[in-house]
Structures are given as structure tokens and as C-alpha cells.
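In the two complexes that follow, chain A is the common piece, with chain B as its partner first and chain C second.
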Partner chain A sequence: MNETVIEIVSEVFGVDEDDVSESSSPETIDNWDSMNHLKLVTAIEEEFSINLSMSEIESITDVKSLMEVVASHTK
Partner chain B sequence: MKLGKIVRRFLVPAPLTTFIYMVKYGCKISPKAEVELSSLLKIGKGTQVSSFTKMKASDGPLEIGKEASIGTCCFLSADKGGIYIGDYSMIGSNTTIIGNNYKYDKLDIPICQQEKTSKGIRIEENVWIGAGCVIIDGAHIGKNVIVTPNSVVSGKVPENTIVQGNPAKPIFTRR
Partner chain C sequence: MLDKELKKTIKKTTEWKTLSDLVKGLDFDTLRAREVELIYRQIDKSPREVDVKIAYLSNLTIDLLAPYLTTLSCCHDLKVENYIAPFGQYFQELLSPDSGLAAFAPDVIVLDLSLSQLSPQLASSFLSLSQEQLESELNRIRTTISQLVGLAEKNTGAYVLISNFVQPAYPQAGIADLTNKQSETAWYSKLNLALIDELRDSNRAYLVDKNNALARVGKDNITDSKMYYLAKMELNDLGLTAYSHELMRYLIALKGKTKKCVVVDLDNTLWGGVVGEEGAEGVKVGKGYPEGEIFYAFQNYLKTLKQRGFVLAISSKNNPEDAEEVFATRDDMPLALEDFSSRRINWEPKFENIASIAKGLNIGVDSLVFLDDNPVERDLIRSALPQVEVPELGSEPSTYLKVLYASPYFERLFLTEEDLKKVQQYSENAQRAEMQESIGDMDSFLSSLGTEVRVAQGKKETIQRIHQLFSKTNQFNVTTIRYAIPDIEKFISDDRYDLMTVSVKDNFGDLGMVGLVLLELNEDQVMVDSFILSCRAMGRKIESCVMNLIKQIYLIEGDKKSLSAKYIPTQKNKPVAEFFSAQGCQVAEEADGVKTYKLEAEQAQIIDCPGITLILENSNE
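Take a look at the complex of A and B:
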């Protein structure tokens, strides 16, 4: 699952998969702006067939927290 | 051009137009905006139209709901199909909303001399359109939609979505 998340992050932000880690965040990925954040959420929701709440979307501050949110929905 | 249209478009001082619409509808139109005096133009109470915006409503109805706001340097041109902008909607600066189109099926006739079409544009309530957008004839933007800056909208936009690009496509559903 974590590999899929990293794959989607690299695809949405247009960065190499090797450059994406659990600690990747808007500070380390240039394209991670508010608009691409929403694109990321939409891509994650489609891939895992889940629906995130606004508070969950706001809690995603880096790849690690994104993985935790996805894990809580796919248990 | 008919004499009445010439008078309404060029000879009525802008501050007078602002005053007439303020008394008639309770809206706030900047004296620096170019707004036609037309019975086809209806503006809701509390709506603001900023400076250097041009609004044409002599060929078709242009209706704006209450408490809406139109930014600076916008161009709104209504034709037979009309333009409707719902309550509380915000139109960013430099946005162009054109309510007509030309047919271009004859190669031997200049496009400007071919038939004009007008399906109309409908922007529902609580829509936020970013700066520099272009809304083309036939567009129908659902309520609560956000259009990101510099997008081009030509078709139907589902309600509660955020759309981006040319042509504008949903990137997120608001919740």
C-alpha cells in the first residue's frame, strides 16, 4: 500500500519515485501547493476507493501522515 | 446602430448610470465601469461591479443575483441566450463572459458575416470564479463551484466541484 501511495505522490507532483519518502512534505516537494494537494487527495480516493473528510485532508502534512490516513480507511 | 442604443451606450454619463442602478436595484456600480442602461440588465441588491468592467446587455438579458461581486476589468456580453449569475457569486478580475458564438461552416464567407448563435450562460449561486477566466457560451456552472484562475469553461460543471484548466475539468469535490 505504501508503495502505491508513493507512486501516486510522484505522479501527481511530477517528481521521481526515488525522491519521495515518508518525510516528503510541501517543504521538500516544490509542486506541493494547495491545488495539487486536492489533486493528490482525489487520486488517492480513486485508487483506494475511499472518501476522506475535510479534517483528514487538512491533517495530511507529509507523506507519512497521508499513509496513516489511507491505512485507517483500508483496515 | 439605433439612436436609442447610441444614446444609452455613449451619451449617458457613467455617474448617472451608477445612480440610476443604485436607486432602481440597490446595487453598487463603480462610476468607472462601463455599464449599459438597458431594461434587459437586472442586478440584485448589494451586488458590486468594480471599475473598468464592461457589461453589454442590449442584445439579450443579463441578470445578476443579490450580494454578488464582479471584479475589475471584466467583460460581460449577453446575447439572445442571456447570462445569469446567481446570488453571492464572485467573479475575479479580468474574467471574460461571452454569451454568443459564430457559425463557421462556410469557408467562402467571412466568419463575422456568418450566423451568430447564443445558447446562454448560467452561473448558479455561490460560485467563485478566479481571475482571468474565460466563460464561453453554453457554459452552465453549478452552485458552490470554484473555478481556478485562468481556466476556460465551455460546458457543464457539476455543483460543489473545483475545476481547473483549459477546458476546465473537476480536480476535487468540495465536502
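Take a look at the complex of A and C:
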């Protein structure tokens, strides 16, 4: 699952998969602005067929927290 | 959805041709948002000579439309570059010479405004507004749109694609909206109707029926509510796909990529069954039974395309006499053999026939669409003549029409030839304007145009265009009386009227019929009832040239003692407020802004019109 998350992050922000880690965040990825954040959410929802709440969307501050949110839905 | 390998290949591709071949192999409608983004990024990276620069102006978040439209354009071989104006900044962007929009110098502006931002109160609480408030909102919005279009026309050289307003899927009064005096449904229709009226005459601004485009896929499905509240994003991937398809139709038409000729196969395409086997009476087409109705409807649509200006042709492997017998004996077919301008019914390979159809019609093969039920024939044409558009008709005749509806290649911005010419003339006008800059002084500019003004009597053959001029001209129209066809017929046949039509040609092209004059002939006076000139012919002394002719015929050489004329002011005809004064007429009367002019025969003077050749056509010849 985490591999897929990293793949999507790399796709949405247009960066190499090798440059994405759990600690990647808006601080380390230039393209991670508010618009792309929403694109990321849409892509994640689509890929895992899940629906994130507003508060979950806001709680995603880096790749690690993103993985946690996804995990909580796919268990 | 793309598989992993394909994604990897796309990620590595930045060469335009390779990329566009890859993208054409995909089903655009099933791509996910991030896949569209991926392709978009590669397109953006690819070194390419841009065909269309598109600027997006909106009061919602429209950023995602650019990737969709760019990717779809790639499927149609159009190289697009985009500029997305800052959210809600549409007025500033159009006004300021220092704006990002001005620097980008777009070819096309997509103006997409949502009522939720333009009129929040109306959008959220329609029921609490009074009749007066609703009317004033409608007028305000209409004025805003017309101001924006005016600004775009003045400050940019771009075509403007303005979306109409999306009617809410659920009116606030529910089903009672339709029994309510202040119907929301009616209000939106009225607003969208007002926009049609506002933009109908423009050669630069075109209304886009976004409301309908979104209704095609279903308004329940086009918005991701969460994204709307988080980012003011109105459309999800389905909505963006539908909207891009609609805009694509305009890009195809604006870029002259519209096809000209539809080549159809016969057996199982134009009718059901094979005539060589079942005979002329055995093939299925006509009313009253399902299979017949399918092909009947298909033929009817082809007939519609013919009315829309497309040339029809046949390419079929058959004995010509078998096929011709069907047309000769079946009276239940909408199409006749004569509806097809070009016919190749033989056993030669179709690519040879199709190439010869194009040659015979003197058009390129890239102007052809080929419709055939046989997948093998379709593939053969695709590989032998890749410029020919070959829609994937599928194997089920009842869905052929859907395939044609979805194609953007049948779209023209105007239905009549005269209207169509305007698009071409627009670019010719741009050339004329360029010349004016390089020449400087007005008279030598006008002389250099080599203008030929042809004046003829109004006649039956040109009545449609005459009616159009009467009903659509706003600026150069001294009285703005909108005559109907029966009136015009009377003017043509009745001796008490002289209806002159004015056509113009110059070194840059043919402008067609651009004006008319309606004179009422009284015993000793000639009265100018209407004087109309299309705005694309204004400012070139054509009007003086025509006025000279009237003076010459009736006052100088003729027996009328005087000429009388009227100027009735409207909101739009300011440009002609001083027209009659400039022609030497005196104001005889003035009331409520309406001026009545008079010109005595002995005072009639010919005004110098440099470089204009006047040709008088006599209808009796």
C-alpha cells in the first residue's frame, strides 16, 4: 500500500519516486501547494476507493500522515 | 486507466509526434485526473510550435481545465499553450496593459463565470428576491458580460469563448418552481437567452453552451462537493471531460480543422443488408420497422449535415447498377443519389477511390470523414490515408449517430455561407489593419485596398441575406427598422420602393453582401427609409460611395426635387449619428433625439471616395 502512496505522490507532484520518502512534505516538495494537495487527495481517494473527511484532508501534512490516513481506511 | 508500462513510456516521452501518437491511442474519456496531468506535463515539456494560446478567466478554480483541454487537443493534433489568470481577476486581467494576460497574448480566451460568485444572493436564495431584483440582476449580469466582451475585443486580439450559465439541477422551489410566478428555471433560461442575443452577431466572441454540455453527462455527476467547498472547484473529472469536449468543438472550428466532405459506404452503413445479395427491395431502410428506422435516421442525419454545408460522397464496393437501383426504386429513403456530389461505386480499393473523390472535389484528403461499418476498411483507410478522419463507428448501426454527435469535426461557427465568410474575413481584416499601420495616412490606405463596391437591386435570391442585414445590424443602421421577409418581398416587387444591396470586394478578399439601402419613392422626393452597413465594412467611405450613387440617380440626373432621411437613435447606432450631416444633409426637424434631414437637389454634392470602384448591376439584364 505504501508503495502505491509513494507512486501517487510522485505522479501528482511530478517528482521522482526515489525522491519521495515518509518525511516528504510541502517543505521538501516544491509542487506541494494547496491545489496539488487536493489533486493528491482526489488521486488517493480514487486509487483506494475511499472517501476522506475534511478533517482528514487537513490532517495530511506529510507522506507519513497520508499513509496513516489511508491505512485507517483500508484496514 | 493507464497501465504501468504505458505510464512509464509516457513519462519518458517529450517528443511531440511520439507523444501525440501515444495519446491518440488512449480513450480520453476514461483517463483519471492524475493521468491527464501526467500527459499534460509531458506536452508542456515537449518542444513544439504552438497552434493555440489559450487564456482562462474565471471566478472559480479553473486550473484543472487546462490539462484536460490540452490533452484532448493533443488527440486532435492541436498544440496548446495555456495561461490561467488569477482566480476572480477577470476584469483586471482584461483591463490592464501590464496583466499576465496581456503579456501572454492569447489566441483564445475561455471566459467561464459562475453565478454563485457573480450573484451569490440569487444563487443561494432565489426565493427571497423580488421580481424587480431578479430583473435587475439579469440586466446587471448581461451588462457585465457585454462589458467583458467589449474589453476583450478592444484590448486583445483573441477570440472569446464565453460559457453560458449552468442551470441548477435542483431548483430551490422544487417542482413548484414551474408553477411559481418567479420561476428559477425560467430565469436561467431568460439569462442564457439574453446571452445568445448579446453575442449572436459577434465575430470574435462565441457563446458556449456549457449548461447543455454538462447536462449530457448529468449534472448529478459533475461536481465533487468536497472539492467545491475546499477549493471552489466546480467540476470533477467527468465534468472537465465533458466541458473540454465542448470547447474542443470551438477550437476545431476556429482553427479551420472542420471537415468538408463525408464519404459513406452503402451496405450496412447507409442501409441494412447487402444489396448484391438481397436486391434493391430487400435492403433495410424506411419507416415502420426497427432496422429500417435505424438507417432512416442515419440517412436523415447525413441530410442534416448536407444542410449544414457538408458535401456527401459514396465509396462502396458494389456493382454500380445494383446500388443505383436502390436509389431509383426505394422511395422510403431520405437521401437521393443526387445528394451525393461524388460517387465511386466499383471494386477498386477504397483508398484509391477516396483519394480520387478528394481530387475531384478539389479539396485535400484531410477534409474528408469516412464512414464505414467494416472495421477492416476503416483500418485500411487509416493506414493508407492517415489524414482522413475515420470515426470508430462500431458494429451496432443504432449507435452510429452517437459516434457522429461526439465528433467535433462537423462543427462550424456559422450556418450560412455569408456568416462563415465573416470568420475568414476577420483574419483578412487583420491583414487590412496591418497595412493601415504601415501606410499611415487614411486616404492612401483606402486607395491601396482596391475596393470594389457592387450595387444591385434586391432580388429573391438574396432575400435571406437582406433579411439578415435588416434584423441583425445594429451599429451602422440609421433607423433600425426590423423588416420581415414578407415586407422585403414587397419592397422588391413594388415600384414605389428601391431596395439596393451593396457587396464589397477588395485586394484581400470578398466581403460579400455587407449593406443595403431602402428608398421610398414619392412624387418629387426620395426618402431614405433604411441605410444599413455591416460593421466590418465601416470606416472605408463605402457609405459615401453609395450615398453618391443615390444623389446621382435621383437628384442630379433624376427628377426628384429633394431627399429626406431620418436618424433614430438606439443604444448601438451612435456611429451613424452624424452620417447624414457628413453627406451634406440639413437637419429639418429634431424631436426626442430623432433627427429628420433634408437635402435639396441643387445642393447635392458628390463626395470624394479615393480608390473605390463603383459597379452598378442592372437586374433587368
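Throughout what follows, the second predicted complex is superposed on the first by the 75 of 75 C-alpha atoms of A that agree within 3 Å, B and C clash if a C-alpha of one lies under 4 Å from a C-alpha of the other, contacts with A are read in each partner's own complex, and residues count from 1 in each chain.
The criterion applied here is as follows: a residue touches a chain if its C-beta (ideal position, glycine included) is under 8 Å from a C-beta of that chain, and two chains touch if they have at least 3 such contacts.
If you're wondering where the values come from, they're calculated on a predicted model, not measured in any experiment.
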item: Chain A residues touched by each partner, larger count belonging to chain B or chain C; value: C
item: First (chain B), second (chain C), both or neither touched by A:12; value: second
item: Chain B versus chain C as contact partner of A:31, first or second or both or neither; value: neither
item: Which of chain B and chain C A:42 touches, first, second, both or neither; value: both
item: Chain B versus chain C as contact partner of A:2, first or second or both or neither; value: neither
item: First, second, both or neither for A:54, with chain B first and chain C second; value: both
item: First, second, both or neither for A:74, with chain B first and chain C second; value: neither
item: On chain A, the residue positions that both chain B and chain C contact, one per complex; value: 35, 38-39, 42, 54
item: For the chain C and chain A complex, residues of the former touching the latter; value: 7, 32-34, 37-38, 41, 61, 63-64, 224, 226-227, 229-231, 233
item: Interfacial residue positions of chain B with respect to chain A in the complex; value: 148, 162, 164, 171-173, 175
item: Chain A to chain B touching residues, read off their complex; value: 35, 38-39, 41-42, 51, 53-54
item: Contact footprint of chain C on chain A as seen in their complex; value: 8, 11-12, 14, 34-35, 38-39, 42-43, 46, 54, 57
